[in-house]
């Protein structure tokens, strides 16, 4: 554990390029694994993350009731293909796990193209891409392929094999808890149920894992809880099993689609104006890069569960191009070329900046509220008396002195002053050191 | 009485063209009658409406004190003219009732043009049009004519006759009360005191009468009160005589100028943000037609009285081009060509849509507030898992589930979701049927 | 004392041109005096103002503790120059008091240009102008000159003389108190510590003095307190010595930079939405001239002290081009050509209009809240019944009647009606006279 409590330098990436390359390497490593909402793909993914960060891996048995849901059977798959009459594997799970509808039940059959066709999924509008499809909660099977390939299939009999199992087992998720000075928690949640798709959501996994790794090494006010969970059922499971602990979450972010070339997007929490919402907007506004703020909606990722009315946690969603707004979403085109190391690093840096404000935000009190205290004799005022004032730090100190009346946090002051939080925080530190502010 | 309670289909015009033609025919029928704030013109108008809808006709005696006002003498007119020296009727009440200043006292006299001129009213800026003038509360007389005609009058002596009477009698108004499941009332008010003017306010009368006729035949949650009253004094009279009943009015609309070619205009109630204000804006916003929202002001029609500070009822005003904003206002050009059957029908349909939301708005409660309930196993979720979600109904269900925490009505949910109320209402019905929402 | 209480005509300049010329003459008279935060320049300035308005001159001894500050030594200066080797005064205090750094300690020395240079201040970006510099709270000395002149100085030895004194004495300020019908106060504050600079702040002094002179002669609801004080230390001194009286200030304006050709600028008080903020914006909005509203910030003039969190008085700042936004600020170019009589008069008129609203704003109560009272029989409604209404007074009366429910002041009514306060006030007077409003 290094660094003074809450110094902003600890919340900055020492080398964004190194972090970006590291996250990209992790994505490349995890890309081939066939994940789903249960099964060995998730286990293997979590196992690899365990090398990086302290992680508890939970196994929740099939059939466990979690609110209105039931933990499903565990799905695993060894092989799957469609062979033509010459015995050639024309569709092959070994080439891409997207070729099999995720959660397909076992099949071994021969059938005519006409019958097979009803089990084949393509994207006519993107004829070269293979779609990603699932059948989690209805027992079915299917294959995904490019529309171009489908168009070329000749009539005839095909041999279909899906060597999968759907049996009682477990739902697996990872939890990384980093205790801080306070029991209050900040939640970072990402879904880990997608197979070979990079932006959605290997990017979220990579950014979250590197974030946890960074935080594990610095002094933290808040405790942090990282959830690496299958989408929907994972969040529901965690909430059901931790119902009495959920209220400790003071702020939260769902991280998804965090590596594409688009600009940062933040979807507000259901509370719309929670501190997390204000902080993210503050950071993005002062980032000098384009960004997008979206209102809360009950579509999206696991913020749907965290923000359900019975919990109503202040959890927003950080992404770059948000889900469903990029054509490559849920297709084979969301591949290793679609995510960029420098964008992963930018996402990580933005989230660190967000957390660093949450860590440092506080209410200060001006000890000299009657008129301004004399900054000059304390060495806090430049020699430039009589000149046009342009010193940002002096301005920030005057803002802090003026608004530190017990009603405004440093974030509120930064918002009203329209100055970056760091500037207000630095001013508050100077004033605190000088005994002007407590 | 037909239809299930509050089903939206009952609140839709079965055939807008038929309704438009019907309203236009009513206007044509009522157009020739010389109405005023009292007298037989109003009686005859109400008599004809009584054929269509259940209507109680009230007669309030001259001299009745109504708050700060007194019911005036009753005015009736048989004939009126100005004859030139050759005995030709150059201005003739028989040709248009606008030619006589409404409420003119009886006159029989001969006079030079110079003297007559002070009793003649024209519109120099529209030389072909005859203005509409009244002298309700000051005993006076006068004639209205086109400025072109006035310019052509030769010097000489004219014979003037106004065969009118201004005597103790009654103020007449019509009241159509349609009881609903609840005693809470929705008020629809229109003024009936204008003579041969179509948009102001035969259009309001026609739309209100057809609205009452439609509502009389469907099941209603609210009770409805339709007032067909002389402007200002009629509203004041009704409020004075029904002071203890006025608080039952939960929502209200004044309907006027509802048939011209302009787009819909809504003037907010004094409360500015009352449910009626929000519903009208919701309907107009989702109508995909241009519209105009105006803030409350104490100018206008009888909303002035309903929104006086002692009552402060949530009553707005629905019109197309609002009063005083069209050149034809209060002139002979507000004639049968100025109102359009299809615009009357559009106004009626919009008001029905408004009422249908008031009828169906309610507070639902999600019975599964902890995380989302599982829609799929209840058949409420499409087969399209894994695809870009674009199903409006699913979105609406998720919005209802997310916000149905007891604090939000369906209208509030529709507003936050930016979805049409019908869509939210349909989702709430599906969820209620499935037992997810109560 | 003339005039009925609160009649708006008394709050209008009888002859703006005369007032403008008078203020300009005062500025010309005061321009040559070498003022500072203490000393005889301030005394002489206040002495001349005492001829115009009732003024108490306060002398606060050096060393007096005022909150976190101490009243400094008194500074006076008789002469100052730099002589070249030929004995020519190349920089001469007698030519302009800006040539000496304000608060320079006494110096008599010979020195090489290299040494002298560190005491010379210029404005390279405006080579013809002499800057204004101070060294109030650090004992130092210096000269100011044009950059052009500095560039022409030859090497060699210079004789430097500053015949000043910095000794225990007093801080001097002027206070003009005009009692009104109520003890509640309106504060007008201007700083008087700048030497030969016209806009900053001889304009503020002149506008404040003429304002006090005008108010002294009319009937006032509020009591008025005018402070003519050295910037910062003067406001702090007054607040420290009048801590228990400050809460009587209901509204306040700091007046500075009120004579340049720019448009009016108002900086809101810290309370942001105080009545003074609303009134100033109302006046500027209806002035039909361009203007600028700025949010509160803790930079600026003595509103910094009045709005410090321990006082938080509703004090805004009125100026034309605000400080630091004009290039001439704190330079010799802020001279007699930079301020304009007509702009001084405009500033004075605007401030009078602001005060006249504060004086007249009140809560009225409609005595006939049930429906509209009948204006016609009280002669309050035009003969134009039936015509398009366009009478502003009728509109204003209807607004007052509608909103005078005890919750809205006349200013609130004017704001909602989007009508000038004078129009609403006139309507309220008519209605009060008619017994309709109390």
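Going by the order they are written in, the chains are A, B and C; count residues from 1 in each one.
Heads up, the rule we're going with is that contacts are C-beta pairs under 8 Å (C-beta built on N, C-alpha and C of every residue); 3 or more make two chains touch, one makes a residue touch a chain.
Everything numeric here is computed off the predicted structure, so don't read it as measured data.
The best fit of Cα atoms from subunit B onto subunit C calls for a rotation angle of 120°, in steps of 5. Where the sister copies subunit A and subunit C meet, the same residue numbers recur on both sides for under half of the interface positions. Here the spacing of subunit A and subunit C, counted between their Cα centres, is 54 Å.
In subunit A, no residue touches at least two other chains.
Partner subunit A is touched in their complex by these residues of subunit C: 66-69, 102, 131-138, 232, 235-236, 239-240, 243, 270, 297-299, 304-305, 307-312, 324, 329-330.
On the subunit C side of its complex with subunit B, the touching residues are 366, 368-374, 376-377, 383, 385-389, 395, 398-399, 401-405, 417.
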